[in-house]
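Paired with subunit B in one complex and with subunit C in the other, subunit A is shared by the two complexes that follow.
Entry: the complex of A and B
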């Protein structure tokens, strides 16, 4: 009995001890982290001082110690990555006394991995950032190093190379946390349609709601086996706003059914429940009755793009940006040489085009970086040195690609066999307009971009850092209501449109739509103040 | 009386067979769709959907895989290697632990048991685990990281311990000792042999976990040539998913050729095929092992 009691006491003690040990351990680790942080910043400080005195070193930084940089990019690595890495390392060792290891996350669970990489304190020197990787929110949480002081010292050339307004554009809380890409790209959507069928049946070009409807009607009449529209699950709603209004964004939608026009961005109103919304919904009902899409449209999972490209549908309204449309043209040329595709980009209807926001592609230095200066100097090479740039964008000349007619990119082999296809490392962020090579077929996109350049006005919506923590619960609730009540309206499955819309608005308000919209408006106006609109 | 009984059993038998047949048909149906999908041309899948008999027959899916099969074969190699090494080492460690923990003359067995059970109730969570493996053990991009975390599963240790307890009577240890057997000899030639059914069960569990694992590759492996088979498959599908979600709004373009529907089906078949054919054969041995152990025990 006594023995048993002793054992149980021992057990309790070990349990308690292990718990205490657990707490102690974590505390100690925290302390460890903060100390390393402070020593790190101190190191930076001293490094800065010494480098100031030794200006003859490349880039004005101390490169006496050989380092390995950890470089992280999203997506899959190309097959020939080890060869490219070796080539880059030869150059980097000579220039910066550094080697670099290119790491890739793959697209599986990349969001979770990205979070782990930034929160685990694992030493990483360069990591990709974008609006869709929540750049602003990570920057606000302090995941990245501010680059303002580092840039002129470690990467003066890069500092000059990126235009001032782009540096301004990527600032979060008045600090630069990422190096933006400088190539001006347009990702606005447009209507893709079958030009050959349009000519055959003598239909108008679909360039407004009226002509679009005439075109779709004509298809419905003459090609009974074909679907007029490929959009599924009511995705046409965003496209129709792009076509009929001067809405502020250039693709996708503005959350929570709100809308603001480009010319009056401070004037934010609710599109949901507005007369225009009702009118649009009535139109969708009419379209559904005419059979523009199948009855089970909400359950269709095939991508609209594939449906259009396979010849099942005659037009697609959303998702076709210039680049992607061009891609379809090339693919269809080989599979269906008798087809002809037409394209009407929405900027033509809106009267202006917006290139992507600077935060759309960039590279940041995480706080866990052990060699921030060397990392930045290396990134400068990647962007501004043609040798580095071509190696990481297109591979090895003569092995992976060749230059045709002095300016065109030509892949050796096809995309299946090539060990390093064009931009095989997802190298969107360090594209340099001066060195960029395009495939011959890309000329039409470039021509389109040139047209857009004439009417270009800066993108202001994408830079808005929405913080949804104040209304997280309502956000989920409204989304649920939207799915249940608005989606059927979007595809014209409800016979009483007006009543349906009223019911939806009622339910959405119950779910907290007003609170969301008020808070969103507050944040939006603050952002407008920040960027001086 | 006898007739009645026979009738009952006949009725029972027919209904049982019928139900099982229906169920197995339901299980077989998706698999058949997969086979036919892999033999259909991609365009026909998008236009007309899946059919049990291909509308437009084509081998393009398989052609696409087997033009450059090196990555797939490599992934096969990794998974087989990891499964074999992991299962053998895991079995060795788990049976030894189970054996030691159930020996009454092992003084600290309660403490050790408690230590092992405790981890099943309280874990550190994903982030600390990730930090420990990448930062302190430095195991990223090694084969070890694919094997080590699965080696000692508390649940399997408990299972093994209880199994040995029930299969091997305690007196056996004493008599073996009197006959001059050392501890390891007892473990090796008595405990292991007597608890064969348990070993088979635990081995099956271990092998299945290793074969089906993709999460470890996903977290810790950067080198494409070290991907496990399941992860390789999962990743290709995810790349497509990412493209369809992201490409529209962001203008993201990927250079890699994305697999089409028929390629996906063909790939799934190539990946599952061998296991489907292997399973019945291996299973026979499992059943055999189970019964032999049972009779002796």
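Entry: the complex of A and C
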């Protein structure tokens, strides 16, 4: 009896303990909000100082010691990565006495992983940067090594290859922290819609608010089982601004509900609470009442792109840039050959297009790097050496791809079976326009780019290095208020729009919106001075 | 002085015992005590070059985002409210079901019902959210389809805040009941049969046996589980709330807990200082609570206290 009791008590304790352990485990991964995060960042300071290398011959770097470089990219690794890595390492060992390990974060929780990679002090030699990975903010906080002195020494060719104005463009506090991609690309968005249905029901092309609404109404009437709009979570709001104003940026929104027009960039005003905002919100309410999206759209988790591409919706307003739209076209051609897709890029409504800012794709050397010179030299090879470049962009010729008609890229197999699809390593940052190969189907995108080139005006918004330290707490608080009070308005769930907007503005002001906007404006005007606008 | 000699005397006397304790002590030192240095992050504005002690000290600035929008009070109330309901309802139901199961004599049925109740524990909250959406969404949800077929006007559940505290509690109990039930079942199995036999001979019926033997014998287990649960009362079930409610701002007033709030705040601009501040607030609250409840229990009955 006594034995039995002991056993059962042990069992209770184990079960109870494992229950707690279970909770603890899931907590750590879910939000990155526990103190455990901070523990992993402890030994950062020590790793930071090892970067300065010793005696270097001028015009070259010391490659006597064999090193392994740690290379980090976001997203998923292609299946054939080990083979590619082996090939690259053969070349790199001969050229630089170095090998490289390609690491990928996968897209799940990449934001958290990215932060941890940079703050944990683990040695990393090359890491992807972009405006959407908060390049400028990390650079300001000292996460990357300045490259100004390293470049001429370790990568003279690369230094020459990237145009001067691009080097200028990526500077943060007058220092270069990342190597920008040089291919001129447009990522402005547009309306993707079903051309076949439009023709079938004789609807107008959706090229303005009026025609868009007519098109969606027509779909609602004739295809009652189809959703008119695929956008969920209220993300159509950015797109509507692109369609109806000459807003300065080419995708996404300007933070904290502000707005400035391309022609008068210094004139920064609040969009939130403005008459136009009220008008737009009333329109969303009308759209919601007409059933353009499901009532519980805030709880829908499917991505708008997928909903549209699967044929459940007749149009998508946000997120479809030319490249992505082209993907949808190719995908749908194979699954539903009878469908036809139409596209209306927002630059056509705005009257100008802006190619991406140099910071949009790049690679930086984190402070924790043990071999910054070798890393930069290797990156130079990746960009300027055709062998390296093709291997990492398209895979092995004859195995993963072949060159068709002397200039087109042709994948061997299809995207499911291929071990290394085109740009399978998310190799956007080291694209080299001189070596680039495109699929035949990409001709339409290139044609679109050519059209944009005619009305191109330089991107001036993305380069703005916002420093939110002075209003960090307010930023977080306003974000909350936005989610709680503005999102329901964006998808037309609040019956009294005017009252709802008033409540939102009240709450936002309480959370410190005025302070943020004032400080943001100050920084923005300073940036305008800096770039001479 | 006297005490110190006493300690060394003890150390010498129980050398082997202390040696056996050592791995555990080291484990907790490394995993729980050394990392506590990181609490300091809550008071700094982190920068990569400075690291932990090189970053500038900013005092309580990092805590500001918690009360800036006036949400802290609401969040604390929500978090504690949900947890209190979870703890009380979860334990009471678990005890009740455990007693029922233990009284079932048919072995097959016993195992079957045990397994059925245990299964939801292995279901992920992501699946649960899909399930909930397909059950309750306005246009094609199962619930509204049934209402429609009965000729009743459909209800927009996702726009009706007051049902959510009930729904969330139901989902939580449904998912966790099987697990806590097994803990109590194990405790019941540990009660000596002699008590029951003696009671039977004295003429106690089954209800009396449960009420006067089983329930009192479960009290220590209940107290231990309660104390454990209280320590993390400020830590909400993040997955549950985040998956079920997501970005639906209409429901935030009644469903927002500290964890979801912090997640939303810091998802976009992650800041180690602010994240640590939020974690520190939660832990400190739990620490104070567990110390005081343990103190009260100790006053009432020293045997039941955790330490």
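Everything that follows uses one rule, which is that the second predicted complex is superposed on the first by the 455 of 533 C-alpha atoms of A that agree within 3 Å, B and C clash if a C-alpha of one lies under 4 Å from a C-alpha of the other, contacts with A are read in each partner's own complex, and residues count from 1 in each chain.
FYI, a residue touches a chain if its C-beta (ideal position, glycine included) is under 8 Å from a C-beta of that chain, and two chains touch if they have at least 3 such contacts.
What you see is a predicted model; the values in this text were computed from it and never measured.
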Subunit B versus subunit C as contact partner of A:134, first or second or both or neither: second
Which superposed partner A:94 touches (first subunit B, second subunit C, both, neither): neither
Touched partner set for A:473, first subunit B, second subunit C, both or neither: second
Dominant toucher of subunit A (residue count), subunit B or subunit C: C
Contacts of A:119 with subunit B and subunit C, given as first, second, both or neither: both
Those residues of subunit A which subunit B touches in one complex and subunit C touches in the other: 7, 11, 119, 121
Residue ranges of subunit B touching subunit A (in the complex, touch as defined): 43, 46-47, 64, 67-68, 110-111, 114, 118, 126-127, 130-131, 134-135, 214, 218-219, 222, 224, 231, 234-235, 238-239, 241-242, 244, 246-257
In the complex with subunit C, residue positions of subunit A that touch it: 1, 4-5, 7-9, 11-12, 15-16, 19-20, 23, 26-27, 30-39, 41-46, 48, 111-112, 115, 118-119, 121, 134, 137-138, 141-143, 233, 294-296, 298-301, 367, 468-469, 472-481, 483-488, 493, 507, 510-512
In the complex, subunit C residues that touch subunit A: 34-39, 41, 45-54, 61-62, 64-65, 68-71, 129-130, 133, 136-139, 156, 158-159, 179-180, 182-183, 186-187, 189-190, 192, 194, 221, 224-225, 228, 232, 235, 238-239, 242, 245-250, 252-253, 256, 259, 261-272, 274-276, 278-280, 283
Of all residues in subunit A, those that touch subunit B in their complex: 7, 10-11, 14, 18, 75-79, 103-104, 106-110, 113, 116, 119-122, 130-132, 185-187, 189, 251-252, 302-303, 305-307, 310-312, 318-319, 321, 323-324, 327, 335, 356, 360, 414-417, 421-424, 426, 428
